[in-house]
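Take a look at the structure set out below.
Naming follows writing order (A, B and C), and every chain is counted from residue 1.
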Amino acid sequence: MLVIENIVTAYGKIEALRGVSMEAQEGRITCLLGPNGAGKTTLMYTVAGILHARRGSVRLQGQELVGKPSSEIVRRGLALVPENRLTFPEVSVRENLIAGAYLRLTRDKAGVAEDLERQLVRFPRLRERINQDAGTLSGGEQQMLAVARALMARPRILLMDEPSLGLAPLVVEEIFRTIHELNAEGVTVLLVEQNAHMALQIAHHFYLLEQGRITFSGVPGALQEDEVIHRAYLGGSGASSH
Amino acid sequence: MVDFLQNIVDGVMVGSGYALLGLGFTLIFGVMRRLNLSYGPSVMVGIFVGTWFHLRGAGLLAVIAATLAGTVLANVYVDRLCFWAVRQRSAITAVVSSFVIWMQLEEAVILVFPDRTYPFPRLTALEPIELGPIFFRAEYVTMFACVALLLAGVWLLVYRTRFGLALRAVAQDPVAARYMGIPLDWIGLGVAVMAALIGGLAGLLIAGTDQLVIPKFGLWATYKGLIAMMLGGMGSIPGAVCGGLLLGVAEIQFVWYLGAQFRDLAAYFLLFTFLVLRPGGLLGQAIVRRELAAFRRI
Amino acid sequence: MSDYLIGVLSNIGMIAFLALSAYVLLVTGSISFGQQAYFAISAYGSGIATAMWGWPLWLGMLWGAALAGLAAALVAVPTARLHGLYFAVATLAFAEMVRLLLQMLTWQIDVDGTLIGPMGSEGFREIRYIYAHDISAVQFMLLIYGLLGLVVGGLTLMERTRLGLALRMIGEDEIPAEALGVNVAACKIFAAALSGIIAGIGGALYAHLITYIEPALFNVMLGVHGLAYGLIGGLGTAVGPLLGVVLDIGFLESVRAFAGYRMIVFGGLVALLLIVRPRGLLDEVTVHRIVRRLIRSDHVAH
C-alpha cells in the first residue's frame, strides 16, 4: 500500500536517511524499529511531506507523494500521529478532533459529526473531557486524542511515531491494544517504535533502521529477533558479537 | 471626579483605536510568531492611498475602499518578503527584514507625497453627545462602535469558523497543524490580509478623526499597536483589546493631570514596568512559554 | 583626502560603535531596540562635561561612556531575565523614556558670556571642544578609528576567552549554559554594560564631531539601524557589523544616484540578502571556513 523506495533525506550535508526502502502492506501492522538517532522520525517527516527527500520515491497506492505538500498528502489518505503527540494545548478536545478533519470541514459537516461520534465511542475518556483544553489532559489521554484526531482524517494508512514515548507501562498497553483494534477494523498501520518488545507483539512485519539504512527486515518470531531487539534498544551492531 | 470620568470615557474611545492596532499585531504574532514592525507603515501606506483618491475628488466610500486595499497590498508585500520567504529561519532576521521594508515604504510614500501633512475626509459629521456632565465626541463614538462590531466579527471568525480553527491550530503547533493538512502558507497570507483589514479600519477611523495624515503615522501606529499588544500579553486577542484601552485611559489621565509632554513618557513607563513585573501582560501566561520556544534561537 | 570623504569615514566609524554594541548583545542572544539610549546618554554626558564644566576631552569621553555603561547595567538588572521580543521591547521603552526625558532637560549655565547647555527639544549646541583646541578633522577621524580598532581588537580577543565562550553559549541556549556552571545573569549584565560602554564611546565622539545634538536624533530608527548592521554584516565576528555600516553608509549614502531612493534600494537589498543569508554575510559558518583556510595556508607557507 505504502511503498518507500531508496529515500535520501539530508540536513545540510548530513544525510540522515541514506537510501531507505520499505513497504507497508494493506491491512497489516508494519513496524519500524531502531535506536535513537537512526532516522525514524526523519523518515516519518519525509513521508508526511514536512521534510523534503533529496532522492527516492514514496508511493501510496501507486501515487507518488514525494514533492507533494503535506496538505495534499493528507488528502490522499495518509495521517500521522506525531512523536510527542503535539495536540493543540489551548484548544478544546472537541476542536482538536475537528481540526483533524480540516480538509473536509466545509464540504462534509455531517460526515465530520459522524466521525466525531465514532471517536468518542472508541475513546470514552475523551467524551468526558470533550470541552476541556487538550493541555489539561494526561499524557495517555493526549496520546488517545492524537490518535483519534488522526483518524478524523479518515486515513487509509495511519503512521504512528513513538506512541509509547514517555507513557506509563499500563497506558502503553492500552495504546497498543487500541492499535491492534484499529488494525482489526481494517486500518493499515505503520508504527515507529523504540519499544521493540511491545511493538513486535502486534506487528505483522518489521524493519530495523540503523544509521539511516534498513539493516534487517522480517516477521516477528524469526530467529534473529533477540538480536534485533537488542540493536533497536542499544543501536550500533554491538550485538553481533554475541 | 467629573474630569476623571470624562478622561476615562475619552481614554476608552482613543484606546479603542489602539486596541485595533494591537489586535493586528497580536494576530500576526500569535499565529506566525513574527513581529511585523512594518505593520504600522502598511496602514500608513493605506491611508495615503485613501488620501490620493480623496485629493482627486473621490467619494467617501471610494476612499474607504482604497485605504483598505492599500493597507492589504502593503501588508501582503511585507508578509511575503519578510515572513513567507524567511519563514523557516530565525525570528530576529524577520524582525530586521520587516524594519528595512518599513524604511522602504516610508520613503516611497514621501516620494509621492512630499508635503508634511495631507487632508483626510471626515467620516461623520454628527454633533457631540452629552450625557449629564460627560461629553461624547461623535467621531469617538463612531470609532468605539466600529471597534466593538469588528471585535465581535473577529471573535466569530476565530472561534466559529474553519479558518479560525486553522489559525488557532497553527498558533499552538505549526508542525501538528501541517499533519492535519492545514496549509501554512495560505494561513499566513490569510492572517496578513485579516490584520491589514483591521489595521486599515483603525487607520481610517484615526485619520478620519484627525482629518489629516502624515508619513510619521507609520511609526506612531507601530508604537501604539506594539504597546497595546505587550500590555495585554502577546498573542492574546482579548489581551490586545484590554491593553489598547488601558493605554488610552492612562495616556488621557496623565495628560490631564501632568501635562501633554507626559503622554508618551507615561506610556513607555507603563510598558517598561509591565514588562519587568509581568512580562506575560494582563492576560497571557501561556504565551510566554511558547514565545520563548519561538525565539530561543535568534 | 577630501573633507567629504573624511566626513563619510568619520560617520562610518561612529555608527560602527552603535552597531558593535548591538552585536555584543546579539551574540549573547538578546535583541536590543534601545542601544541609541546609551549613545544619547554619553553624547549628552560628555558634552556637558567638556562644554559646561570645561573638562578635557578624554575625561569627558570616559565620563560619558561610564555613565552609559552604568545605565545599561542598571537596565539589565531587571530585564536580564526577559527573552526575545520582551527584552527588545523593554529596551525600546527605556530608550524612548530617555529620549523624552532629554526633551524635558533644560539646564544652561554661563560659560564665558554665552549660555551653554541642553535646551529641551531645541537640543544642545556649542559642544566646541575640538574646534577650541584646534583638533583637525583628520586627527579626530584617527581618534575615532584608533578607538574603534581597540574595541574590535578587544572584542575579538574576548571571543577567545572563557568569558567569550560563555557569552556565545548563552546566545545559543541559556539552559545548558546554566547547567554547565555559567553564571548567566552576571554574564548578561556584563554584556549589557559592555554594550553600553561601546555605544557610549560612539555617542561621545558623535557629540564632539557634530557639536550640536538634539533628542530627536536618538530615536528608534538609529537603534534599529545599529541592530540591522550587525545582521547584514554577519553575526560570526566583530568585523561583521562594521561591514554592515560600510555597506549602508559607505556605499549607498555616498552614491549620489541613490539620493532620495536610498532607503528603497537599501530596504530591498537587505530584505533579499536576509532571505539568502539569514545570519548575515559573515555568519558563523563563513567565519569558521575563512579562519580554517587562513590556518591551512599558514601551514603551507611554513
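For this structure, a couple of remarks:
The working rule: contacts are C-beta pairs under 8 Å (C-beta built on N, C-alpha and C of every residue); 3 or more make two chains touch, one makes a residue touch a chain.
Treat the numbers as computed from the prediction; the structure is a model and nothing was measured.
Chain B has the C-alpha centroid lying closest to the overall centroid of all protein C-alpha atoms shown.
Farthest chain from chain C, judged by C-alpha centroids: A.
Chain A and chain C have Cα centroids lying 51 Å from one another.
Measuring from the averaged C-alpha position of chain A to that of chain B gives a distance of 41 Å. In this assembly, the C-alpha centroid of chain B lies 31 Å from the C-alpha centroid of chain C.
Among the residues of chain B, none is in touch with two or more other chains. Only residues 26, 29, 31, 78-79, 82-86, 88-90, 93-94, 96-97, 100-101, 103-104, 171-173, 220-221, 224, 227-228, 231, 260-264, 266-268, 270-271, 274-275, 278-279 of chain C touch chain B when the two sit together in their complex. Taken together, the chain A residues at the contact with chain B in this complex read 48-50, 69-71, 73-75, 79-80, 82, 86-91, 95, 98-100, 102-103, 105-106, 135, 149-150, 153. Only residues 29, 35, 37, 81-82, 85-86, 89-93, 95-97, 99-104, 106-108, 111, 219, 226, 230, 234, 261, 264-265, 268-269, 271-272, 275-276, 279, 288, 291-292, 294-298 of chain B touch chain C when the two sit together in their complex. Of all residues in chain B, those touching chain A in their complex are 162, 165-166, 168-169, 172-173, 175-183, 286.
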